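Multiple structures are listed underneath, in structure tokens.
Shared between the two complexes below is subunit A, which has subunit B as its partner in the first and subunit C in the second.
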Partner chain A sequence: MYDITDYHEATSLAEVFKLAAADPKARIVAGGTDTLVKSWAEVPAFTGIALIGITRIPELQGIVCQEDGTLIIGALNTFVTIEHDPLIQKYTPLLSQAVSLVGGPQTRHMGTIGGNICNAGPAADSAPALFTYNTTCEIQGPDGVKNVPIADFYRGPGQTILKPGEVLTRFKIKAGDYQDFHGHYTKFARRNALDIANLSCAALVKVQGEQIRDLRLCFGAAGPTPLRMPVAESYAKGKPLTDATLAQIGQLCLQDTHDITDWRDTKAFRDHLVTVLPGRDITAALRGA
Partner chain B sequence: MAQKHIIGQAESRWDAIAKVKGQANYTGDFPIKNLLHGKILHATIAHGYVTSYDISEAEKVPGVLKILLPEDLPQIKYSTAGHPWNLEPKKRDIEDRTMLTRHVRVYGDDIGAVIAKTPLAAKQALSKIKVTYDTYPVYLTPKQAMALDAKRIHEERDNVIASTAVGFGDVNQGLDEADFVLHRQLHTPVQLHAHLENQVATAFQSEDQRYTCISSTQIPHICRRIVAQANGLPWSLVRVKKPFIGGGFGNKQDVTIEPLAVAMSKAMGGKPVQINLTREESLAYTRTRHAIDYDVKLGVKKDGTITALDMQVLSNQGGYASHGHAIGGKGGTFINALYKMNSLNYGAKTVYTNIATAGAMRGYGMPQVIFALECVIDDAADKIGMDPIEFRLKNHQPDGFYNELSHTKQQDFRIGDCLKQGPEAFKWQAKVQQAKAFNQLQGPTRRGVGIAAFSFGTATYPFGLETSGARLILLPDGSFKLMVGATEIGQGADTALSQMAADTLGVPFESIIRDAITDTDTDPFDTGAYASRQTYIAGYAIRDAAEKMRKMIIQRAAATFDIRGEFMDIVDGNIVSVSDGDLITTVKDMAQASYFDWQTAKTMVAESSVNIHNNSYASGCTLAEVEVDLQTGKIKLLSLMNVHDSGKIINPLLAAGQVEGGMAMSAGYGLNEGLVYDELGRPMNNNLLDYKLPTTMDLPDLDEIFVETKDPLGPYGNKALGENPTCSPAPAIRNAVKNAVGVGIDTIPLTPESVYDALQAAKAPKGVS
Partner chain C sequence: MKHEINFTLNGEAVTCAVDIRKSLLEMLRDDFELTGTKEGCGVGECGACSVIIDGRTVDSCIYLAVWADGKAITTIEGIAQSDGQLAPIQAAFIEAGAVQCGFCIPGMVLASDQLLKDHAQLSRAEIRRGLSGNMCRCTGYQKIIDAVQLADAKRQADPKTVVLPHFKIEQ
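Coming up: the complex of A and B.
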């Protein structure tokens, strides 16, 4: 019952650009864990359209660490691949932990990290980790290559800066953005699996003794896009690692979150969780440090 | 004589291999030539009237063959409830619906239908039908629908469709005499069945010009009657076939889509039409568990005597009567079955509203009643400072209690054993100590333990008709075809029933051949899978048929070998001498002779039909251990154990599966589930992402023990088990949370936000005292 009019399998980026130029309404599909679900649910831009399959394009695969320590993650890596990849586990374990919590095993085997970001859901599990690592998104299109900080990639819920025909090809994380950091991610959901976060929080922290040298926090589902917490992050720098500091970090996050009330939870409860999760994440991140 | 011992063995389900190999055909799996697809046009308001339809654009969609509006179909009012037909018109279910309606009573009401060559064409046509409505006020709760100025949801009757009271003694006097009176308001949510296989039905005119409906139904024989009634056909013009089913939990004890499937086929000149509901339709627009509100007063003396229980019940029926007051009104009997008290008043109203129609769901009202009862019982124990298990041991009804409210003697009623053996197996005392030690650490979480007990009837007597039939055919090689009207819906009924037949006949389990399909044309009458009735009621029918068959086989052997019948027995397929066990002949040889002996050939068929006028009350309890996060309100279920007094366990493997499934269902009920509506009556979470069924990651290892006895009445010493496991986990969890944090929360589900709010409201949360 999918209202899909055609399917094209692209084997190179050049072919994607050509197919997209010929049919600007066509949508790119990778794992299909969002695209096909939306098509089934008759989301307007996902019905009566052709699909361009990209899963076999070599340029979008692989996870490598360059000589300068930059970690390159191909957009087509599935959550399962990322979770278990030795480079990811060694350098960016927060990302490994975060993607291990996506949906269920089927979704993690099919869904890709590129798709997770392009779907631009505010609660995407891979996003807060990528935000805290200051990840750069590489975009390729008919006009060439662009590199964009992940925070600038989003325009709103379900909306990115991608133009028709453009493809998110890989993620880049610089050595300075992961070295000496410790991370932890909390997915606050009603279930321990097969769920989407009511609120999520990733913390990446660097300490010197009992002092916070650097802190990066990103919330999912606390606004229209994943959100970094500049006020709390700048407050934390140089502060002693105490319960009072953690509590204050939580309070300051409320200055950057935009919780709402819906049938799932009230704003008051979400705001309360916003004050609780960062401290818990920082404590958990440093438990193994 | 060596006993056969097939009853009580963990025989493998006869259909296991077919299911693993993908050979089991479910309704949607049958290849049918030129199959057409029907889809329902659902109302997008919750209360009102359709003033006009514009189908002009929808008709243009390629592949669309017919669009049906209410006036295109019979306007015969019928009830969808899967109860046996009642010869007394006054006792019948309320007949308050037509297949399609302009009068919208629930969001998603069936206001039209499309028949097309493909499901996609049908779906596209639905989106192009323009509907204009007059809208009426929307009533989401019984209180709103009972307001003086509330509009009638069905013109012909009041929104309060029934109001009853049962009890004994003087409740006011009892409350006066109490040392303490607990007054509580408790609320249960709209729970969904969420069976794996959605509702699906295929209807076509067969060669004999009658209508066949292949359907995923729990009640094929009742389904035939309701399909015929709704379509104005003689009952015999409808044939229902039930193949393998992916669960029902009571939702398929309502005949929801089958009448329309047949009407669609009729509209298409008898061509085959299939209605295959989507998950979203099945969750929002079929049946639900009644949300029920309780206003409870319990009087208790310091010594633990319960002086009075006054329970006022408001049951949210939704837009159509379905099973109606049979569920909301149930409760008094089973409270009386469970606890001694000086007086009881159980008053219940069932009220139409504009949320989804509530119907049968596993437990049939008991999970709600037991939640309310066991919260208040537990709080009463706290109030007088008595241990919650001791309080229940003091007050439970004894074995042999005569229940005046149901005129039933509760023989072999073992709640006392459950309340003693359960805590021991659960290591209750050790867990209490562990929780104390844990809570003294003053971390962000607290631990606690809780208990809840229940009673449960087996089948529906004395309230409902209980009939069943069975047929055994001896096949030429000595195996037997077992034909029953009782319905396998995934629970393993066919396997348990086959064990019964084998046990009574004296043949191996493998000698019994069941059928994947129940067919109303050929299978004996049985009312179907509900009320935890089949192993009990169909059990009698199978025992009767098997005893008759056994007698016929022995008679043939007696005639053949000139040995008196009483000197022979059938053991493991052999006919042996009772006195020394020597082999006389085999069932196989007798079977061969019955088909092919030149002189005496006469095939053997044994039929039975029973009408059962007794009920064996079952009981049990749940023990739960939880950890509550004080900062987030999140509850972690650490351990959960069910204890069941269900008589003889026919198949321990299947029984464990039933119990664990029911525990998961009730844990979800207590912690996370509930269909949510906006103020316009629109369902918000009718999908499996937003409707929070528990996953295996949300449950601990589930434990169960059986206080196994032999029920004196049950055909094989057995009594109800299918629904029982869903009765007590939710209140046990609630009581464990109370034990952990010192706050008793009277509304389920206990979501993180509701727990956090309750903790905030109670301000200073305490640990286990």
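Coming up: the complex of A and C.
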């Protein structure tokens, strides 16, 4: 049995705020694919606490495209829903591809995109895509609504800026951040399923003829949080699409990554992947174009 | 602390006052004595505890029992015919020789059955991806994939036939 003291099924955000105010130690749980695993492993912050379930709150569902082209993705959408959603596939296919690689089908049926980001794992598969789309996170709390760029949402591994009682409610992607871009994501792991990335890389590229007009790169598991690559991205603008350019982009990424050696992989191998995955992703993205 | 929940279990409406600390897996095995659902890893990585919830394959070990409230759940005990005849997918597993130690098989059979329901036709690659949340340490997977292909081929040959040539459980 899980070491939890109580369970509340919230049916509205207002109810979450009320429950969280009454019990500030209570933890919010969505699909449970991270939270329950941590509780099972007796991670202190996940035991001896009450859980507030939020999967039955209608405000957190839905995927819509606004008139100005902004894509709004409810935080409680599961990976399976995101993967197959026609709007996601049409406007942000990189995100559809990325979440199709999470865990296995069972995990993708329960796990949610909001939970994936709130869990703040450095290797979360939805994160690099959301970073490259310059996604805004909408946070609602008892004090109102805040909009925060996803890069500012993370404080460290497993740490976000969310305060007790606050809920990540929606992701917003502006039309200018997906139009004319081509994307590809590589999850470099030992198995094709039920694994966590040793290193992952998302690339979003816009080209004009043989020239790179815009490039966005984000690595997972190359530092304490997902990381964008400002040095390589600014170098790439206006450069010709050649093997030499792609190789140089890979080399420049080493200036912004912070690879470490852990049980999953060595720093040396991760550094090697950092230099090659961006070129492969850019090539794959443009082949699919 | 207990919560009262109502749900449909293998086609039957049930009510249960369940300990909020329990997983669905624990409730199925301890409160309903449905021990066909197996606990493997306990952390959602092996699929041995797979059940079908509202038409989706889910790991019951990392699913709170209270979440079952209002849902329709199918376990391995619920997929054979009421007269004891095996479901087509179960018959296909036997015909293809897909079972060795058997521990992963309840989860494999349920995941396969749902996969067949979700797709009018399945390629071998789609079967592999569809079953990628279920681990088997005996068979090397080939004969499990053969079994799903066999069940798929038989329903293509005669889509009207719900019950395929089958094995009857000895009473």
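Following the convention adopted for this analysis, the second predicted complex is superposed on the first by the 289 of 289 C-alpha atoms of A that agree within 3 Å, B and C clash if a C-alpha of one lies under 4 Å from a C-alpha of the other, contacts with A are read in each partner's own complex, and residues count from 1 in each chain.
The rule is short, and it goes like this: a residue touches a chain if its C-beta (ideal position, glycine included) is under 8 Å from a C-beta of that chain, and two chains touch if they have at least 3 such contacts.
Everything numeric in this text was worked out from a predicted model, so none of it was measured.
Q: Once the structures are superposed on A, label A:196 by its partner contacts, choosing first (subunit B), second (subunit C), both or neither.
A: A:196: touches subunit B, not subunit C.
Q: For A:42, select first, second, both or neither according to whether it touches subunit B, subunit C, the two together, or no partner.
A: first
Q: Touching A:266 in the superposition: subunit B (first), subunit C (second), both, neither?
A: In the superposition, A:266 touches subunit B alone.
Q: See if subunit A has more residues touched by subunit B or by subunit C, and give me that chain.
A: C
Q: Considering only touches as defined above, state whether A:107 meets subunit B (first), subunit C (second), both or neither.
A: So A:107 only meets subunit C here.
Q: If we overlay the two complexes on their shared chain A, which of subunit B and subunit C does A:276 touch? Say first, second, both or neither.
A: In the superposed model, A:276 contacts subunit B only, not subunit C.
Q: Once the shared chain is lined up, is A:1 touching subunit B (first), subunit C (second), both, or neither of them?
A: The answer is both, since A:1 touches subunit B and subunit C.
Q: Would you check which partner chain A:179 touches, where first means subunit B only, second means subunit C only, and both and neither mean what they say?
A: neither
Q: After lining up the shared chain so the two structures overlap, which partner does A:188 touch, if you call subunit B first and subunit C second: first, second, both or neither?
A: It touches subunit B, and subunit C stays clear.
Q: Quick one: classify A:234 as touching subunit B (first), subunit C (second), both or neither.
A: The answer is neither, since A:234 touches no partner chain.
Q: Touching subunit B and also subunit C: which subunit A residues?
A: 1-3, 104, 192-194.
Q: Which residues of subunit B touch subunit A once you look at their complex with the stated criterion?
A: 119-120, 123-124, 127, 631-632, 672, 676, 678, 684-685, 688-690, 692, 694-698, 751-753, 756-757
Q: Note which residues of subunit A are touching subunit B in the complex, please.
A: So the residues of subunit A touching subunit B come out as 1-3, 42, 104, 188, 190-196, 263-266, 269, 272-273, 276.
Q: Show which residues of subunit A lie in contact with subunit C when the two form their complex.
A: 1-7, 9, 29, 32-33, 36-37, 40-41, 51, 53, 55, 80, 103-107, 109-110, 192-194
Q: Across the complex, what residues on subunit C touch subunit A?
A: Checking each residue of subunit C against subunit A gives 1, 3, 19-23, 26, 42-47, 50, 56-59, 62-64, 66-67, 69, 111, 129-130, 132-135.
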